[in-house]
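Presented sequentially are two complexes of chain A, the first with chain B as partner and the second with chain C.
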Partner chain A sequence: MKRFVFHCLAVSSLTLATLAHAETRPEYGGTLRLTMHAVPSTLDPADSRVPDSFARRSLTSLIFDTLVVVDDAGRTKPGLAESWQAAKGNQRWQFRLRHGVRFHDGTPLTGEIVAASLRFANPGWSVRGDADSVTIDSEASQPELPVEVALPRNAIAKRDGQEKLSGTGPFRILDWQPGKKLTLAAEEDCWRGRPFLDGIEVEMGRSFHDQATALEVGRADLIEVAPEQSHHFSPAKGRLASSQPVELIVLVFARDSSSPDDKLLRSALGLSVERGSIQSVLLQGAGQAAGGLLPTWISGYGFVFSSQADLQKARQLRDQVQTARLWTLGYDGSDPLARVLVERIALNAKDARLSLVPTAVGLTDLRLLRIPLACADPWIALENVAAQTDLPRAQNKWSSAEELFSAEKAALATDRVIPLFHLPVFYAATSSLKNWTLRNNGSLELSNAWLGAAK
Partner chain B sequence: MRKAIYNSGIPENFKSVTCAFCRAARLSFAFLLVLLIASTALFAADWSASEQQLAKKIVAVTGLGAASLTVENRSSLGRRDSDIVQNGLRSALEQMGLHLLKSEQATTSVTVTLSENETSYVWVAQIQQAAADPAVVMVSVPRTGGSGVAYESMPIMLRKIPLWAQEGRILDIAVLEESGTPSRIAVLGGEDISTYRFQNGRWQTEQTLAINHPKPWPLDSRGRLVQGPDRTLTAFLPGVVCRITATSAPSSITCQAGDDPWPIVPFGMTSAGSDPAATAAIPMLVGFFAPTRNYFTGVLSPAIGKFSTVPKFYTAAFIPREKYTLWMFASADGAVRFTDGINEQTSSLTWGSDVATVRTTCGAGWQVLATNAGDPMQDSVRAYEFPDRDPVTVSAAVDFPGPVTALWTESHGDTAIAIARNRDTGSYEAFRLSLSCGQ
Partner chain C sequence: MSFRRKLLIVFALTVFLSVACVAILVQWVTRNAFEKEENQRAAALVTQFQREFTKRGDDVARRVEAIAASDSVMRMAQALNGTSSDFAEYFDLARALAENHQLDFLEILDVRGTIVSSAQWPAKFGYPDPAFESLAPSTQEPFLKLEDLQDSTALGFFAVRVVRAGDRAVYVVGGRKLDKNFLSALDLPADTRALLYQNRGDRFSPDLLLDPGGNDPNPPRPREKLAPLVEAVRKYDQEISGIVDWSSDRADEEVFHAIPLRGVGKDRPLLGILLIGNSRRSYVELKRRIRDAALLAGGGGIVLAILLSSWASARVTRPVVELARAAQDVASGNWNTSVEVEGHDEVAQLADAFNRMTSELLTQKERLVQTERVAAWRELARRLAHELKNPLFPLQLTVENLVRAKSQNPEMFEEIFRESSETLLAEISNLKGIINRFSEFSKMPQPHLQRVQVNEIVEAVSRLFQAQFQARGSHAIVCRMQLDQHLKPIAADPELLHRALSNLVLNAMDAMPNGGTLTLRTREKDGKVAIEVSDTGSGLTPEECARIFTPYYTSKQHGTGLGLAIVQSVVSDHGGRISVQSEPGKGTTFVIELPSNLDAVPATAPSKQVTAGNVSV
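Moving on, here comes the complex of A and B:
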């Protein structure tokens, strides 16, 4: 008996060569190959000797968890803490821990371990833990503390000795060659559920060009793309994704202005920088020219700070000063973008009759910094920028948008910094990598990613 | 502006969107329309307090005189809302005594920019008076969201009826009847089963029963809530089966670890149907679900003809024929496989991984609903028939606000439940999918 003739399925609609695949339901299995430019020397999320970077944030989120997570709409959600509550006018916060969570080494998550982890990351905090909760006390009101504990540096790590780290995240460390290679394996009993990927192999210290080649020839699944090269990325090579502008490029003076003349010269320098043309030519249209420290998507008012160059006014200010001393402008010599930026800024300065000498070595009068913004919370982001540039800290924190604006305006009025650009981060992946996203802090979200068939 | 406390599991966290309820045949469309309009009205914003607040700040700078006003919208506010804010602001400023002139007539100019950040709209007024540096004042307004629907013309209309939405994952929903009238719903979440009764125009929580499970759920965890012929409820979850002792509150739940197979054919389809000859051919098929993954292992009971196993699959659907049943499996490798019990073949269909059968009075009487395999940002479901060999599309695509995470045939067999995760809000939204004829 031949009930059903299957030739029927092999007819008109058949485009057999391109077997279509379902997309919506994730598949388990496979090892993701990720490459990055950074060369992190530690995986410890709270090691302050290593500068913050988007790559570091991505690695942290694969291995560790935070008590609280902040979603893309800026809302706080439970992480390792199931609930939390404030007391004493937001000076005391108690976080109740999720039950049944274990570190990768099998140790149950306890308040004591969490407290030790948070104290390590924040030596100034008063933290105490018991079996199933942790309490943080502070002298000042801290209404945004849940957002702060969601920062990657506050990820909960169990530290045994100097190098032995254990997390509760979706992947456990199999092999770690600092600054070179990291091999991760899926944590089968992860409290969030076993990740779809079996493992992740991370190669570090790869140039952007090498990474692009690796993606093209199928030796990498997910790569970083330099902002200035994102424009040239061909969709045929894979999917390109970018974040919101989460990186601040800024000129930072080593000292406060020493005299009214110095103040005039700094203003002249700020007005001489042709951010618009630099953004279109050197950055190939990526990012935004910045007049303020925070981008508009974080503050809501960033456009108020002008980023327009005004060469005529710059010259007027310069001419009010009899003698302008030569400034040295430092930058990271391993960063090709930083080098071309400082060269162009020096040329702009020259047009305003200012003398800037770029150098990649030694102490300098001012420096070009690339600062990853801490998070989408405007107060925490501003506080973080202030800490990295020695700007004065805001007094009336956590209040209205107007107070935030005043705090940022006051920081800019010190003439200690000249904001230049806000840049997004870019990643590209093969079409076989599904459900990968970028968080609004510029880090990769791979805990739900999976490898399927390439399209 | 900010939420300082989060307590998971508190009912306030549930964001009940709307309530359109009942099987399509029994529910008047007018009632649905009223509910949908009511839910849409929830999104209508009242900007007046913020307009007043900003106007007050502007007047504090300009004083009572004359000024020009320009409003620029660089936020996600639509034109309608932007116009409302602009008009409201003008009225508020004039009521406070500021005389608004054209820009060439005024020495003071006020430029209001409707901007936004992640959590709020930020309205910024830059006030330029003579040659002084502009003064800046601003207000922030918490943001809300909205929704929309679209249709195209096809022989059968696939309708999406909102049932329930919540922040936490929804695995399945069962609409419960009392004396033949649907009046309650049971929501299977990741950690509990909650029942709600529709009373006084709104859903009210009856009972929440926690699900005990010894191991963490797998990612993309799945579950199915099945009503038995006796109206009892059984929840099938990865490696766990829970039985609810009574359908009306108070009831209790018993969960136990085990690999009980999940039903693939709803009981309603194996009994009465529009075509008794066809329904008689449908066996009560069950499949074993992998306890640490998101798919069925492929082991079936009873066997389909000579096939007691098929490649591991996510979902299955079927079309009864006169002498056999055509089965289709959305396999874990992405292909859709067909079998009639004798032969098996992989097709080239561009379907997603969720399929479900519904039996209706429309068209051929049996339709297969399938998700698409296209844009992962916005999923959709269409209805198909198999008049001869290839599937024929019989409905327009119904779009969802994010990926469809579950698609299950309901117990009666004539409708299906679709769960989608909203890409914008992150919440889970459950819909009943019903087909209506003769469009």
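Moving on, here comes the complex of A and C:
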């Protein structure tokens, strides 16, 4: 009897160990079904007509590569460039290209192609390439240029005509229906190695609710989750992953303040917004109230800028102005979170005796914007926010943290912007999808993902 | 106007008036029927709306009841702790419940009336519901309420239920929109539509009007045209009806019934106005069709009347015209006239009667002529016998006297023979005179017409008898002349006319044995020349007047009675007419009327002079 029991135990232990080992061993094969609510009209990473989004970043990273990669710790690592060096006080950067890399159409990666791609993405750059290197010259010192070339918009693409794009990423384009569906197939000869997944099918333009339903019923493997819904995500449905707060929600005025009264009213508006209740109720606890443009995890000092509402002071400021004209507050009508945010902001403003009328159409006095932060580099992130909100650019980029703080403070002092929240992005996946992560820039890392059961 | 034209007018008028009367009557009946139907329809629609209203309200109440009874709400009522964490916890609850129970509005309020969760305005958590005061817990029936939304206001049916959990309570306020969908769900007839005006603001605003039909461009319906009706309801706070004309075409009119919709609370505010519109197109088009049909019928009737009258004239007026023509022939003396008889109707009977009448008249005339002829012969025989007897008797006496004298007084025979011879010769001359007069009457000549002045002949006659007028001595006759100096010449035989006038003058003289006044008058009368010979004699009785022109008739003790017959013969031969006017004791006037007849004068007619010596009796 004892022997029998011992044998059973041994067999079962061995079986369990085998199974456990099998579970952690990546498997090749399967097609990942990914859904997103964005509807990008182009896959070109450098097309500035299409706004930056986390979804676009995710797709770019699947198809294209950058010269340099920045890890979660903020360290630069080789990408298509094996090495790089600066000269002339960081005014010249030379990137030595990796050998043996080919585009999806079979064309070898050359400096000329890389230079052309970089010039396309940055018309103001002076870029030249030869067979195996690319040199970038600038008039000002660019100490963080490698970080900049690591941005998704600087991914290297071979452009043959308007619609024909070719990348060097782990997946190549099999079928592209702009704004609807994208089908990717694993690139067998990818310089990073063939991905585990055979392909990825991306469905676009799906609402968060539909995505959640798709995940629940097994029609999707990886979905986006709205920040305000993340609190309700049940672990039984799958694994939820979130990024650092990489999205800035901000009110941006269309013009500079026209008078001292206008400045007072703008300040009153900023003080009237109850970020705390909005964050806890409307955002369901996701994200953080923001007083500054950059979150603390990027700048290190974000907490310094106050995000507390002060209705009494707001009213006092308002009462100093004889006549407060009505403001129109614009928002993206397709974004349900934006709608409910502006409604609440309008109610808060009304409490401060300010008139704010939300509208989804036309030109408005101010707008609610959701700005994906470019990367973890604070200067690049601040530059990116300034570019999108028409704020003055920082003068001494990449200098000290104090300079950075001053620059941000100066930007806030223009009264053009009222930061509201920093939000992370959320994704959820079925338990069968393994080894997928989120980068610091909010994009998906799927090059090493694999599906637990073959599909 | 001819009979045919009169017939046409009568037919046309009859048809037209008949059609017009029918059309007016039909229009009046149609209008009344339409108005009655419209009122009934409006009343039915109002009833239907109220039923639908109640039904919708009950439905809302049921749904709210179900929500209030749900576990989630009950749990919420138990768990609410009055802090801001409540809002986060239940932020999405109202939306989810509203979605599950198909409500447009749902708010969950805490015991103080603070919004814990709102489906229609999620961002309003933590704010007090402004209508909480009027939502008395005892309000069990559904009610109307104006719900403030972020960018608008909506009217809806609401119900409220209280959920108690120990000493805690929550209010569940749910509702459904009273919107275009509700209006579209009403089962309306084809020409009817329902609109809803949301009563907000001080003045009418077109944007507050809900029209499920949308903007029908044909015809354009500017909403401002409903403003007076809406304002009237706002002012008088009662149901009001009115007609709205959307264009100049009356078919585009609509009759609107405006019904006020009130909310709850002690002042029951006017929240909305239901406008039920009935198109008058069918009625106006029906009226037009009736009018067009009436015009068509009237026009057709007139054409029919023309055709009918043409046919009728062929059937009716032709015999009548023929009858009239035949009657005229008879009147002009041609008694031998008949009319063709067709059919058996009254006209045919009339024609037959006419034919029989003319035939009878002809027979009677012939009989009368014969009788008169016989009477005239008898009279002639009597007058002859009388006239001849007078001279024959002295003749006989004279001859008998001669015979007696020869036998008894031969010595005196010579003297008696001489005296008797004179008497015999005188009486034989008298006989010859009588025979000559008869012979002359039988041989009256035809007139030889020439252009004459009647006044000249009258004056000649007057001159002729002037001496005889004076010769009466104390019984003289005064002759007065009243001649129209502007008398036109006529065609006449001056000699015969002179003779006729002379006879009349002689008769007048005979009628005034003791003197008197003879008046000779000429004048123009109806295009003819009238010659009047008047005396102041003893006059004639009506019977004498009737027979005076008969030959051999005389009222005198002596005379042949041919004088007036000769006059009548002359007048008749001239195409004229003679008449007599007389009363006993008042004198007599003979009137001769002669036509102008100048066309009958031959081109080379010999002229006869009228002299005073041409006298005939």
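Things worth noting here:
The definition used in the following text is that the second predicted complex is superposed on the first by the 429 of 455 C-alpha atoms of A that agree within 3 Å, B and C clash if a C-alpha of one lies under 4 Å from a C-alpha of the other, contacts with A are read in each partner's own complex, and residues count from 1 in each chain.
As a convention for this text, a contact is a pair of C-beta atoms (placed from the backbone, for glycine too) under 8 Å apart; a residue touches a chain by one contact, two chains touch by 3 or more.
Please read these numbers as outputs of a predicted model, since none were measured by experiment.
When the two structures are aligned on the shared chain, A:L347 is found in touch with chain C, with no touch to chain B. After overlaying the two complexes on the shared chain, residue contacts for A:V281 are found with chain C alone; chain B is out of touch. Using the contact criterion defined above for the overlaid structures, shared-chain residue A:E402 touches chain B, although it does not reach chain C. In the overlay built on the shared chain, the residue A:K164 is in contact with neither chain B nor chain C. With both complexes placed on chain A, chain A has more residues touched by B than by the other of chain B and chain C.
When the shared chain is aligned, chain B comes close enough to touch A:F196, but chain C does not.
When the two structures are aligned on the shared chain, A:T76 is found in touch with chain B, with no touch to chain C. Residues of chain A touching chain C in their complex: 232, 277, 280-282, 284-285, 340-341, 343-344, 346-347, 357-359.
Contacts from chain C toward chain A in the complex involve residues 84-85, 87-88, 91-92, 121-127, 150-151.
Those residues of chain B that touch chain A in the complex are listed here as 2-8, 74, 113, 115-122, 124, 126, 136-140, 215-221, 292-295, 314, 321, 323-324, 326, 330, 332-336, 338, 340-343, 345-354, 371-374, 376, 379, 388-390, 403-405, 424-426. Note for the complex: chain A touches chain B at residues 1-6, 8-16, 18-28, 68, 71-78, 82-86, 90, 100, 143-144, 146, 188-196, 296-301, 303-304, 376, 378, 400-402, 405, 434-435, 440, 447-448, 452-453.
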